[in-house]
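Each chain carries a letter (A, B, C, D and E) given by its place in the written order, and its residues are counted from 1.
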Amino acid sequence: MSSALDTLLPMLIVCSSLVPGAVIFLVREDSHLLRTTLNMAGALTKLVLVGVMIWGVYHEHDYESRINLAPGLDLVFAADALSVLFVTLSTVLWLVTTIYAIGYLERTPNRSRFFGFFSLCVSATVGIALAGNLLTFVICYEILTLATYPLVAHRGTPEATRGARIYLYYTLSGGALLLLGAVWLQTLAGPLDFVQGGILGALPTALHGQFQVIFVLLLAGLGVKAALVPLHGWLPQSMVAPAPVSALLHAVAVVKAGAFGIVRVVYDVYGVGLSASLGLLGLLGLLASITIVYGSLRALVQDGLKARLAYSTVSQVSYIALGTSIFGPIATVGGLVHLVHQGIMKITLFFCAGNYAETLGVHRVSQMDGVGRRMPWTTLAFSAGALGMIGIPPLAGFVSKWYLGLGAIDGGAGWVLVVLAASGLLNAAYFLPILYRAWFRAPPEQWPQEHISRRRLETRAALLWPPLVTAALCVLAGLLAAAPFSPLEWAELIARREYDR
Amino acid sequence: MTLLLFDLVLIATLLTLAVAALNSAEPRRAVMLFIAFGLWLALIWARLRAPDVALAEAAIGAGLGGALMLAAARRAARRREDDEAQR
Amino acid sequence: MSASLPLAVSLPLLGALATTLAPRRARTLGLIAALASSAVVAWLVVAVWTQGALRVDLGGWSAPLGIGLEAGGANTLLLAMTALVALAISVHAGDYFRDRIQLGHFWPLWLLLWAALNALLLAADLFNIYVGLELLGLAGAALAALGGSRAALSASLRYLLVGLLGSMTYLLGVALIYTAYGQLDLGLLATQLTAGAAEATALALLTLGLAFKAALFPLHFWLPPTHANAPAPVSAALSALVGKVAAWLILLLWLGPFATVTAPAGATLLGLLGACGVVWGSWRALRAERLKLLAAHSTVAQIGYLFIFVPLLQGLAPGSERTTLIGALLLMALTHGFAKAAFFLAAGQVQQHAGHDRISDLGGTAQRLPATTFTLGLAGVALIGLPPSGSFIGKWLLLEAAIAQGQWWWIAPLLAGTLLAAAYVFRVLARAFNLEPTPQRFVNQGRAELPGLVLAVIAVVGLGLAAGGLWGLLEAVEVER
Amino acid sequence: MIPLQALYGSAGVVLFVLGLWSFLVHAPLLRKLIAINIMGSGVFHLLIAIAERGTEPPDPVPHALVLTGIVVAVSATALALVFSRRLEDAGGPPEDEC
Amino acid sequence: MNGRLRLLIALLAAVLGAALLWVFLPLLATRPESALAKAALAARPLTGVGNPVTAVLLDYRAYDTLLELAVLLAALLGIWSLGPPTPAYQRAGAALRAMIAWVVPLLVLAGGYLLWAGGQVPGGAFQGGALLGAAGVVLRLGGDPHAGLPAEPWQRLLASLGVGAFVIVGLVLLGLGRDFLDYPSAWAKWLILVIESAATLAIGATLAAAYVGGRPPGGTR
């Protein structure tokens, strides 16, 4: 492999969605074919490039693109095992979501704008994944905010405008704190390249007090997107967005970016050892636990399907932070693997929720009686996602929870088991009634608004295939957890590299 | 010493003219005083061996500037009279 | 190579004459002049890049007798920004002014304004700056009144008077310097000025005079009505270029010849006024009812940012740290210049389409002009200072310097300004999303919409990702010296 | 004994301050313009005063500066007056504040 | 404006005045030698101009003068952009007309003399131009609405003459490989005279047109 490719590959991966995105803005509204071609070409190119990168990183190849922005400030895109995990997740799910969105938005206005920002959003997410230093991370993190704002506001209704505004208030305020923390840290430690094991450990202990304050600032900034209580308020509000956006926001882009940032800061800036000794992991664990329980409790009382899923996201994403906060490789594996598992499970659920709404006009849990008979395939996918979330073996969610539990015992944090158990029960309490209604209750005389009548398939093909694919991934990720290149294997690789230095 | 006295008179007159020009509320009067101020200034500058500038100030500053302002002052005065007539 | 300096002033002047003589062909002649002036500036940038700082003694008389023009690193960058923004405004104006008679009035005045901007950026002589300022003020006031409304006339008259007050104050400072030192050349003064009461008073007078023109808080009161009521291309020029040039002159004096005279207290005062401007301008922008008024208030804030750099630069000895911070200052100024011009051009587009620019009623129009809305958004990103715009990097470096020097109190206005800016920008953008019919095309009127869009892209992408080159130029000049 | 230029120079400063005061307190445009012109005259006068060098021939540079300044001042005055006339035509007297 | 604020402003102005005097007086009392004055007087022979002020204006600091003429042009263009002039005064009576018939040629002649003499003795483009402008003012006062100025295109040409002569001479010299406005010493005197004449006409026409106060009614007269 040539060295030119090594320095270009990360940049190319970012550009593979950025360039089509920029072009799509200019595409005439009625040129469906051109727009779809651009979208798919970008998504597939990215998939191929990421494939190359996975292979390379597995064989300890270094990829790094670096642009100097100012003296002491470099824009760095680099690949390590952790970034590959997140890049792969976003790339695969982008492809699936794009197909879904093409089907979902058929014959609605402003599609060029939608897909343009959609691609920008993915580029920013990939940029976050590949960010090689804190500056690059902050840049992509803020671009993500900007790119998702128009998507949340896309519908143009007063609720959409309001949801988008609240989203913006939260994320921009968080962004300002993150910026402040990052700049402060950089004045103390110089350029903050992400290095496994962290870079702050080598600095004088006199700075530790400042490090603690900075950690709080960074956590406040990242916690907004990761929807840590009490910074989660935007997430249920942005439910007004179209379903593909909810899917992308909640499964891949925004919340994951926050969680991924926490992982990066703990492992690659502070170092897990230093974070533990400064008492920062305890703080993080506490916040994560509160969020897990609180999110589940709120989910229990929601009637809106998307709102229930949103609070479920608040809860589930914090598993990643929880895994990070426990000192020890096994919990790390649990947290990291949940980054992927929660993504595919939650995107499945949102796709299905979108299908119910788009096909039958079903938006509430109380309207879901008997949908399983009308839309069996969708409901099957939904069931896979929901059971996975509860943690039923052998689905993906079980694997994450298993490792988290083991890790908690290994790391001497027995109280985490209580959190896990409580959360599992609550998950069951808010998902099982839905499944019961869907499969075992009789369907009503008439659906609220049946947009798409049943022909050969229960709904449009572009809407049906994506959730089936991701549901299959949920099952496979659980069943084949021990196979090479599975998310679990990859998470173990990262944990090894972090702890066995 | 006499020279100094002469200078003092020049300056005192200049300042008096300036204050008078600045303090008269009646536009035409203010402009006339301003023109006088400009001409007096030109005189002083000639005394200070700056004949070029003195000429220019007399012709441009006091002359043309004054003419411009005078036209405006006349309009202002007419407007004021109109206002009073209306009342 | 050095011929490019006087050419940068005389070509716009020549264009002004041509358009004065042939008002019916003003549009063609003006565009030719605009292209030629930009080309000369490009030549000048290349010359500075390859040869380092340039200085020309006009008329063959070296200082102190003659007047010099200087192109160093910083003002060359500002000159380049001026040329690009002015070119975009020139293209846009051809579409904005539909009336041939108005075009006949616009072009010569606009080219005179451009000549004044270039003259001021290259100036190296205190009195020459005074003449340039007067040209700037008169041409600017006349242009601002082209709209012809009563509000525009009243605002322009006030602008003219405040400008005159400023230039008289400035001139008194010049007289003081001439009394004490018997010369006017900035380069020579830099070697001779010592700290003292006369020098400090002179600096205070010069700064005060320029602060009127730069609209530094609290001398900004004239700016919002003027910029809000002028025709959009003129507002763009006034906001993006005129204020920046005046601010640049203050910074030039403080960081250059008068560096030995300045005291930390004075620098802190200047920074404090800048900080007040940031907060106050942003707050007023948030409360503004009209799009152009919003942009005008935001200009007050953007000027303020530049002065926060002064107390941080004050303590720094020449070196890489200082160059970095000066670069950040320039990056901020350039980004704001491009972004504000783009914002005003887009606002003018909106106003022409809707017949008004009330923010609360913008919905439909914004939806029908996707490229213009996009321009507003991109320019807004740069005004807030979000990545990847150049002002984000500038702000990062500014914060870094504030923390590193222990002057952490500057963080508060920076963050407050950022959040307020986000609030006012998104207050506008939120109107772009509603249930209006779908636009078929992204760009509908290329000549009117594209110049702004290009400027906004430069501000956000160009200056963000290619900012490294800026320090390249600064360092090339440093080394040369 | 006070040198001649000090005497005249101080008169220039006094004129400047008088003009400034009048500019700030008097609202009508014409009075503001007169005030500005007197401020300017003060500075010009100061420059002329420092050009006078007793036995030596006077310094021509300030003279030239003042010549330039006078023309600039009269241009600005002319423009301002036309502004105010247009304002009157557009309805009522110009605003009485600054 | 209320009385208290007025008093405050007066007080502040007084304090400012006192401070300025405090700074200026010591400087004025012991004014240092101006190196610039000496250099300006010493270099005068090279310019071919006898009057030192003219030498400064049109040679050493010619660039300032160029920009100043541009200011004048900007003011005129600004005035024109604001609309047509106000109507002129009524036609003057016979006696006044007879006087104007005397005064105007006199002013023009005096202006020409000042221009010519400005090279050696006090006078020059500005003073000469001012007298030409004054002639225009007198004509307008006498009832000529155009202040003796020609039709619009010619007015535009006259107003542009000053800046035009400067810029063209400067650019030609640049083209010849010299510095901008760096006159060859053999031609200096004549080039300066050409520029001065152009500037005189421009100043006279501009001042008169500014007095007219509006855009000349299109094209024809």
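The rule is short, and it goes like this: a residue touches a chain if its C-beta (ideal position, glycine included) is under 8 Å from a C-beta of that chain, and two chains touch if they have at least 3 such contacts.
Each chain and its UniProt protein: A = Monovalent cation/H+ antiporter subunit D family protein; C = Oxidoreductase; E = Sodium:proton antiporter.
Owing to the predicted nature of the structure, the values given are computational and were not obtained by experimental measurement.
Touching chain A and chain B at once is no chain at all. Traced through touching neighbours, the fewest hops from chain B to chain C (Oxidoreductase) number 2. Chain centres here are means of the Cα atoms, and by that rule the chain farthest away from chain E (Sodium:proton antiporter) is A. With chains reduced to the mean position of their C-alpha atoms, the one farthest from chain C (Oxidoreductase) is A.
Chain pair with the larger contact count among B-E and B-D is B-D, by C-beta pairs in contact. Between chain C (Oxidoreductase) and chain E (Sodium:proton antiporter) the centroid-to-centroid distance comes to 30 Å (mean Cα coordinates, whole Å).
Chain E (Sodium:proton antiporter) has its Cα centroid 72 Å from the Cα centroid of chain A.
One inter-chain figure worth recording: chain A and chain D are separated by 68 Å, centre to centre, where each centre is the mean of the chain's CA atoms. With touch defined as above, residues shared between interfaces to two or more other chains in chain E (Sodium:proton antiporter) number as follows: 20, 24, 28, 31, 34, 36-37, 40, 53, 60-61, 64, 68, 71, 74-75, 78, 82, 126, 207, 210-211, 213. Among the residues of chain D, those touching two or more other chains are numbered 2, 9, 14, 16, 18-21, 46, 49-51, 57, 61, 63, 65, 67-68, 70-72, 74-76, 78-79, 81, 83-86. Residue numbers of chain C (Oxidoreductase) whose C-beta contacts span two or more other chains: 127, 131, 134, 138, 141-142, 145, 153, 172, 178-179.
Inter-chain contacts occur between A-C, B-D, B-E, C-D, C-E, D-E.
Only residues 51-53, 55-56, 59-60, 63-64, 67-68, 71 of chain B touch chain E (Sodium:proton antiporter) when the two sit together in their complex. Chain D contributes residues 2-3, 5-6, 9-10, 13-14, 16-18, 20-21, 24-25, 27, 46, 49-51, 53, 56-57, 59-61, 63-65, 67-68, 70-72, 74-76, 78-79, 81-83, 85-86, 89 to its touches with chain E (Sodium:proton antiporter) in the complex. Residues 51, 53-54, 114, 118, 122-124, 126-127, 130-131, 133-134, 137, 207, 210-211, 213 of chain E (Sodium:proton antiporter) touch chain B in their complex.
The touching residues of chain D, when paired with chain C (Oxidoreductase) in their complex, are 9, 12, 16, 19-20, 23, 29, 32, 36, 39-40, 42-43, 46-47, 50, 61-62, 65, 68-69, 72, 75-76, 79-80, 83-84, 86-87, 90-91, 94-95, 98. Interface of chain E (Sodium:proton antiporter) with chain D (complex): residues 1, 6, 9-10, 13-14, 16-17, 20-21, 24-25, 28-29, 31, 34, 36-37, 40-41, 52-53, 55-57, 60-61, 64-65, 68, 71-72, 74-76, 78-79, 82-83, 86, 126, 203, 207, 210-211, 213-214.
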